[in-house]
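Several structures are given next for inspection.
Presented sequentially are two complexes of subunit A, the first with subunit B as partner and the second with subunit C.
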Partner chain A sequence: MHNLLSRANSLLAFTLWVMAAVTAACFLSTVFLDYTVSNHLEVNDIKIRNVRDYATDDKQADLATLAFNLKVDFSRLFNWNVKQLFVYLVAEYKSAENAVNQVVIWDRIVERSERVVMDEIGVKTKYYFLDDGAHLLKHDNVTFVLRYNVIPNAGYLRLVQSTNQLVVPFPTTYTTTRRS
Partner chain B sequence: MVVSSALMIWKGMMVVTGSDSPVVVVLSGSMEPAFYRGDLLLLTNDLEDPVRVGDITVFKVEGREIPIVHRVIKVHEKSSDDTKILTKGDNNQVDDRGLYAPGQLWLSRSDVVGRTKGLLPYVGMVTIIMNDYPKLKYAVLAFLGLFVLLHKEN
Partner chain C sequence: MDGMVAMLPTPLQNWSTHLDFEGQRFAERIYKITLTISGVVGFVVGVWTQQLSYALYIVMAGALITALVILPPWPFLRQNPVEVSHNVLEDFFEKFGGYRIVKWHTPAKPEPMVSSQPAAENKVADKKAADKKKADKKKKEAKKSK
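Right after this comes the complex of A and B.
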């Protein structure tokens, strides 16, 4: 009755139970917290070029380049159930063709051990800010939003939008010089 | 009994989440350090809720058996069923156009089979080990079978 196998079996079962309970407690203790932070964002030096693009239907698209400054303090967010943040900057706009356009122009993985105060100056886009057509010129309502994905050790993967957003009018003429 | 309740739970989860496969096991390191090999992901597939950048989607590509778990980095939406979606793995240097079917430049909403909402670490390791060492799988099955047959009720 109390042979080795049954002892090993109950030990394993109990271990799994405890681990499941601790994981659930970890999830429940952090799921109702507020994960919103505010940021300070500036976007400068916007230039638009009309380029050939193979992924657009009419093979010609508007490409925007810019530089931005970003200041955020994420320190508050890191509790025991936050493994990593995935921070990304989104440009959102409507165009004549599309009701919704969202382009991620920059992102960064922020791990626990890294610096959690971001103070970036003059950052250029990490991905091409390429429209699906030629609608960026003279666009007066492109919204830049900072969002982040809170990745837990176990539990709910939360997408959060930082409180501030920025609307920037776009240039009215194309830049024809080469990209610097 | 055990088999039928497992099936019930699986089918019940399919109804609640709207996804054909409500859980997936991460098989590659392309989303590290968010997801590691062996992590179990819980998915939903609510068609009312549009796909937006930042969502971690699970999508199927023609010619590939195994669905891919990557993050959306670009959305151009004409209407809810005419959407261009581009994805990228957090740990990859380039976007996923190289992984799509030849000539395919964008995903559409119908390619997306689920969106990651929850994460359970290590749980999927069992299935990975079973797949990597099929002999172990048969050994475990044989052992369990013998155990059921030979076990004496106390």
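Right after this comes the complex of A and C.
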């Protein structure tokens, strides 16, 4: 502390300590909150086609296309420790090939802003819903689950599942037209 | 640091930013208190506005204000100047070596330990002296007999 640089050094080090403490306090003040929301999901217009799966092996596989309506209100999740949410929709089902199949068919980043209420109709899937085999046809219960990562400013990456799921029986015949 | 000082314009290079020891202690106390307060105030503002950026801006503003208070060598931080004794050898060191040996606080000399059992010790000493006398006497007698 005997000259200016030494004092500036001590001051800067203590300032960084205080900033770390404030950030830790921010984390502690938000870590035990409840981050679940409910959603309203409808899935319509499901079409299954039997296609050649070139990416893996040359067997025939089921490819499903669908559109969905999703209504979620994320506004109660955002606090000073939430930067954004990464929301995704998963189709989960059991098949003869695998005990658990989970296919992510859509995702979106919801940033902390005014537009955090989602109310959309006719949303198309972003990713292919391709089965590992040909087991989607006539499937009784494909479950659609909405999950989201709460991305913080300080802390760990939290994964939350929305409170309701949608169970959908899949069509019993293939679609042969080209239009999706 | 010396390289940075050499880059300043010449009148600034000789400007001393030293504080005396009491001033240093006071400056450290000032920054600890003000930065802690700015941290607490920043946290409260952050919870109130739900913006982490506001909390950290307040801490940084507190640090800037504290820098204005403690970085320059203000007179109120130099009120207990260090006592320097002028000794030819020390003056020589300061001139050519660039530093000065400073006596700031002379520790009190420890008092000499007083023995708790003076009588016993003297007894032993007396006994030794007596033994020595006897030995000397014997030697003398031996010499005489020869």
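Methods note: the second predicted complex is superposed on the first by the 173 of 180 C-alpha atoms of A that agree within 3 Å, B and C clash if a C-alpha of one lies under 4 Å from a C-alpha of the other, contacts with A are read in each partner's own complex, and residues count from 1 in each chain.
Note that in this section a residue touches a chain if its C-beta (ideal position, glycine included) is under 8 Å from a C-beta of that chain, and two chains touch if they have at least 3 such contacts.
Please read these numbers as outputs of a predicted model, since none were measured by experiment.
Legend: residue contacts after superposition of the two complexes on their common chain; A:101 is shown touching subunit B, with no touch to subunit C. Contacts of A:153 after superposition on the shared chain: both subunit B and subunit C are touched.
In the superposition on chain A, A:18 makes contact with subunit C only, while subunit B stays out of contact range.
With both structures placed on the common chain, the touch criterion links A:2 to subunit C but leaves subunit B unconnected. Contacts of A:86 after superposition: subunit B is touched, whereas subunit C is not reached. Contacts of A:10 after superposition: subunit C is touched, whereas subunit B is not reached. Of the two partner chains placed by superposition, A:141 touches none, neither subunit B nor subunit C. Counting contacts as defined above, subunit A residues 1, 23, 153-154 meet subunit B in one complex and subunit C in the other.
Of all residues in subunit A, those touching subunit C in their complex are 1-5, 7-8, 10-12, 14-15, 18-19, 21-23, 25-26, 29, 79-81, 153-154.
Put simply, subunit A touches subunit B in their complex at residues 1, 23, 54-55, 83-84, 86, 88, 90, 97-104, 107, 109, 111, 127, 132, 147, 149, 151-157, 159. By the touch criterion stated above, subunit B contacts subunit A in their complex at residues 33-34, 50, 52-56, 71, 73-79, 84, 90, 95, 97, 105-106, 116-121, 154. Residues of subunit C that touch subunit A in their complex: 1, 4, 17-19, 24, 27-28, 31-32, 35-36, 38-39, 42-43, 46-47, 49-52, 55-56, 59-60, 63, 66-67, 70-73.
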